[in-house]
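Reviewing the structure listed below.
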Amino acid sequence: MSIKPTSNENHANWSKATTPPFEGGKGISRRAFIGTTAIALASFALAGCGSESSASASDTTTITVAFVQGGNPTSYIDDDGNPAGYEIDVVNKVAELLPQYNFTFAGLDQTAVFAGLGSGAYDLALTNSFWTPERAANYLQPSQNIGVSVLGFFTRADATTINTLSDAATAKLSLAPITAGDGNYYVVEDYNDKNPDNQISLTATDDSNSFTEAFGWVAEGRYDFALVPLQYWDSLVLAEDGALHQYYSALRFSIIGATKTWSFLSQDSTAFEADYSPALKQLKDDGTLSDLSVKWYGIDNFTYLTDDTENYNYL
Amino acid sequence: MKVSFSAILASFTSALAGVPVTLKIVAVSFLVAFVLGFLMAVVNKNRVPVLSQISKVFISFMRGTPIIVQIFLIYNSLPSLLNAVFVTFGVPIDIFDVDPIFYAIAVFALSETAILAEIFRAALNGVDNGQLEAAECVGLTIPQGYLHIILPQALASAVPVLGNAVTDLIKTTSLAFSMSILDVTGIAKIQGAASLDYIDAYLAVALIYLILVLIFENAFKLLERRLNAHTQPLNAPAR
Amino acid sequence: MLDTILSYIPKLLPYLSVTFEYVFFSLLFGSILAVLLVLMKLSTSRIARAIGYGYTTLMRCIPSLILLFLIFYGLPALLKSTMGINIQNANVIIFVIAAFTLFLGASLSEVIRSAYNGLDHGQYEAAVCVGLTNLQAFRRIMLPQIFYLMIPNLGNTVQYLIKEGSLGYIIGLVDVMGKAYLLNSNTLGAYVLQIYLALALIYWAISILVERVFALLERRFEVGYVVSPSYQHDDGKKATA
Amino acid sequence: MLQITDIHKRFGANEVLKGIDITVDKGDVVVILGPSGSGKTTLLRCINFLEHADRGRIRLGDIDLDFKAATKRQIYAMRRHTAFIFQNYNLFKNKDALHNVTEGLVTGRKVDKKEALERAKRALDDVGLSEKYDSYSTQLSGGEQQRVGIARAMALNPDVILFDEPTSALDPELVGEVLAVMKKLAQEGTTMVVVTHEMRFARDVATKVIFMEDGRIVEEGPPEKIFTCPDEERTKQFLRRIIGDPEPEYFI
């Protein structure tokens, strides 16, 4: 493979076919050429490969658990780099019930968690996720939810008559943007489906800090009301030493519902699911999940889910 | 890596609706950056006292810091700051009903200005200083000289690099969704979030950006050929 | 406000080593791939050229995040299905390096090719005329000059890599951006402004440092290419460089 | 010493050399004249394989090659017996004057470093550049650069030095210093083949003048004959165009 002379005119003109630096044929051997095409093809092959995960055949099966690394207090990486949080503790409790499995944890961004779940790199995903039909179709949904998220609703202090989504809708109040894919987003979407004539303007955002920013934005009037998980209000605004405690007096907060949160399994983890769901059920029934909820959220979230048959109920 | 082509197609068709928004952001940001960038390059080249120091710091900051930080400063923090100022001084402007697309354009225009200022600096160095003197000798004012003589020549040599700048800008605008703007990426991500299967959404988006990039790349190749017509020798040797 | 920003900087700085680690190795392997790509792009065989240019355009269009996922999930899946070895829980930085090696291979090959085009062909002719072989001519005369012509673009590529590489946190890489992301989410985003500003200061400082290094590099090598004003000649006319 | 037989060369449809024979004996100074596009530069570049001739043979000392079939090794061997001076000097940009000269010696001809430095200094002194050892090309005038180019060629002790319009890129007042060095080389018996428009140099220094036009040799002979009473009409027209109204002693 030899090098074709460059074709620019303004330098000494190559058109007078001089010997290029690597002379024809004998310059770079055929082997180097084949080597380069092999590398290029390998990188293409990566894109199109399918995959199936095969559990290792040792006596205990290894379950790879992927969790959202920035989901404090549900799942996060603490300061010395170890997985921590409510859902991590739940899985550790499940591990005690199921000695035949051992669990390894991998902390990632939510996008990466589900990319890996889809490709079989992980078996179980802890993402504090809301249920949607598309998600249930895409992944294996265990029969028992892993937790409950309590739904908070707040406006500026002076909006005393606004207590529910329909009040906000009728008053034409503007809703702070919600991170795409978050449970609150679907709660509002579901409300809009049910109230076509009294809609709330729902905007999605990619900004993962949307809850924390909502407090300041509503207080200063950028938006009129917002939906946030309860623990954001409790730890940031309600708490005396909360980072945003200065907004406490400017806002009016109330709990307007609760939603089940789900963990998802990769499609080919049916065997594990058969053990996992009953273990979760047992932990729920014997109150372990409630204790863990108090430990991480300060309150027992399950008490707010009045009707356990529904995926979420709100006032 | 499970990839379902039907999901990609679905994301592709729905995300197409975001193309006009993406193009609007790219077009307006690039135009603003083109003017500001060129002025900044001229200011730097002539070492205008205060202005050139400011523009050097601006260029260094914009090129040195990640764009998500710039987005955060302009979209998340600036409005609250301005509001506080307006309220204390009783200025009757309600900063909060500004359409987010203006924030996006502001962010991408400013970051693109820094990039184009560098491109034009290199291009201006390529233009022989005698050109401006010649322009003045035939009675043009300095600004006219720059506009009619220097800019076209600088443009001719800068076009290939400008082409890259535009294609990079198209990809960078995919971050507009963090300012809740429904561009190509925004629509695809909302769909991806519903099914929590982001890969198909991202591949669809990659496909759309690939098409846009190829269109712009060829457009710039044509522009380059036309603009460089004056540099080709008349009897270019038969290749 | 300022003290909280400054208080975050020492928490982030130790993780700079991770950032520099992937920047260094990506550059190292990326340049090897880039040289191969340049050989393909300049070769007389049409297939090699098609692969070289096709790969470069493809890499310019694939968003870095997709490339990262392709490598992070594609590579282990490929190895598991073909050779049954599971590297999924290998250190994350390997995947970041692999992804940016593929990306850099493309962008660096453009940098090298444009430098090669900018080379004065007469230098090669002069070298062979004094009896150097093709390889000696390339190694001793053309390579140093290609390196000099590459310096400005190389600087821009390194700056771009440092910023673009900050995507590693999405697959769990704890570099300076990753640590900032964790610090921010662990405080529920209450101090996001302070953390982002600390991050901006660090990235800005690195960017200025890289800029200085490449400016110095350019000045160090320019003596043979740029006519410095201090060397006026007796004939008053500047010698053609 | 140097023998070229029936050399042909074409670029695409344009045939530049249409069968040329040249013999250059030891110590000869052959000057090739002709209008631009006559193929004189291409001929010179083919001798040194900077261009690949399509047909013909070349013999230099004991090396006898066919232009088309020459292998890379043979070409390298040939280039170790010749040297080339370029119109735009082509000094190595990344090396100073001294190392421009030593490069060919050390890397090309495997001469040891110390001796190479000695020969390089002597060559640079011969061309009057003893204070410019460590100057880069950007720090030298056109005339100085070309003299370094000549020193670079001389230090190799080649069998023949090929000059491709060495003074065309120089300002008028610098041409003299380069021609003076070339004249000194000629007087020392160096074999030279020079493509140039410097008529005075051709008339005073050349041992043989060749007039080429449109890829063929129109006429060749000693300078006295060519400049006073050329046989071919086209030679006469060419000289009249270049020298302008002939001074009496040139034309009868």
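As written, the chain order gives the labels A, B, C and D, with residue 1 at the start of each chain.
Assume a contact is a pair of C-beta atoms (placed from the backbone, for glycine too) under 8 Å apart; a residue touches a chain by one contact, two chains touch by 3 or more.
What you see is a predicted model, and the numbers here were worked out from it, not measured in a lab.
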* Asked: Of all chain pairs, which one counts the most C-beta contacts?
  -> A-C
* Chain at maximum distance from subunit B, centres defined as averaged CA atoms -> D
* Asked: Which chain is in the middle, if each chain's centre is the mean of its C-alpha atoms?
  -> C
* From the C-alpha centre of subunit A to that of subunit C, how far is it in Å? -> 31
* Structure fact -> Note: subunit D sits from subunit A at a C-alpha centroid distance in Å of 75
* For subunit C paired with subunit D, centre-to-centre distance based on mean C-alpha positions, whole Å -> 45
* Asked: When you check subunit A against every other chain, which residues touch at least two of them?
  -> 12-13, 15, 18-19, 23, 47, 49-51, 111, 115, 119-120, 209, 213
* To do: Hunt down the residues of subunit B that sit against at least two other chains at once, touch-wise.
  => 1, 76, 199
* **Junction residues of subunit C - those touching two or more other chains** => 65, 69-70, 73-74, 77, 120, 122, 125, 128, 134, 192
* Asked: In their complex, what parts of subunit D are in touch with subunit C?
  -> 48, 50, 72, 76, 79-80, 82-84, 86, 88, 90-95, 103-104, 107-109, 136-145, 152-153, 156, 169, 171, 173-174
* Under the touch definition given earlier, write down the residues of subunit B that touch subunit C in their complex. => 1, 60-61, 63-69, 72-73, 76-77, 122, 167, 171, 174, 199, 202-203, 205-206, 209-210, 213-214, 217
* To do: Could you pull out which subunit C residues touch subunit A in their complex?
  => 33, 36-37, 39-40, 42-45, 47-49, 51, 55, 65, 69-78, 80-81, 86, 88-89, 102, 116-117, 119-122, 124-125, 128, 134, 137-138, 142, 169-172, 174, 181-182, 184-192
* To do: Can you check the complex and tell me which residues of subunit A touch subunit C?
  => 1-6, 8, 11-14, 18-19, 21-24, 27-28, 32-33, 35-37, 39-40, 43, 45-47, 49-54, 56, 64, 69-72, 76-79, 81, 104, 106-109, 111-112, 115-116, 119-121, 208-209, 211-213, 232, 235-236, 242-244
* Asked: Where on subunit C does subunit D make contact in their complex?
  -> 120, 122-123, 125-134, 136, 140-141, 144-145, 148, 221, 223-228, 231, 233-235, 237, 239-241
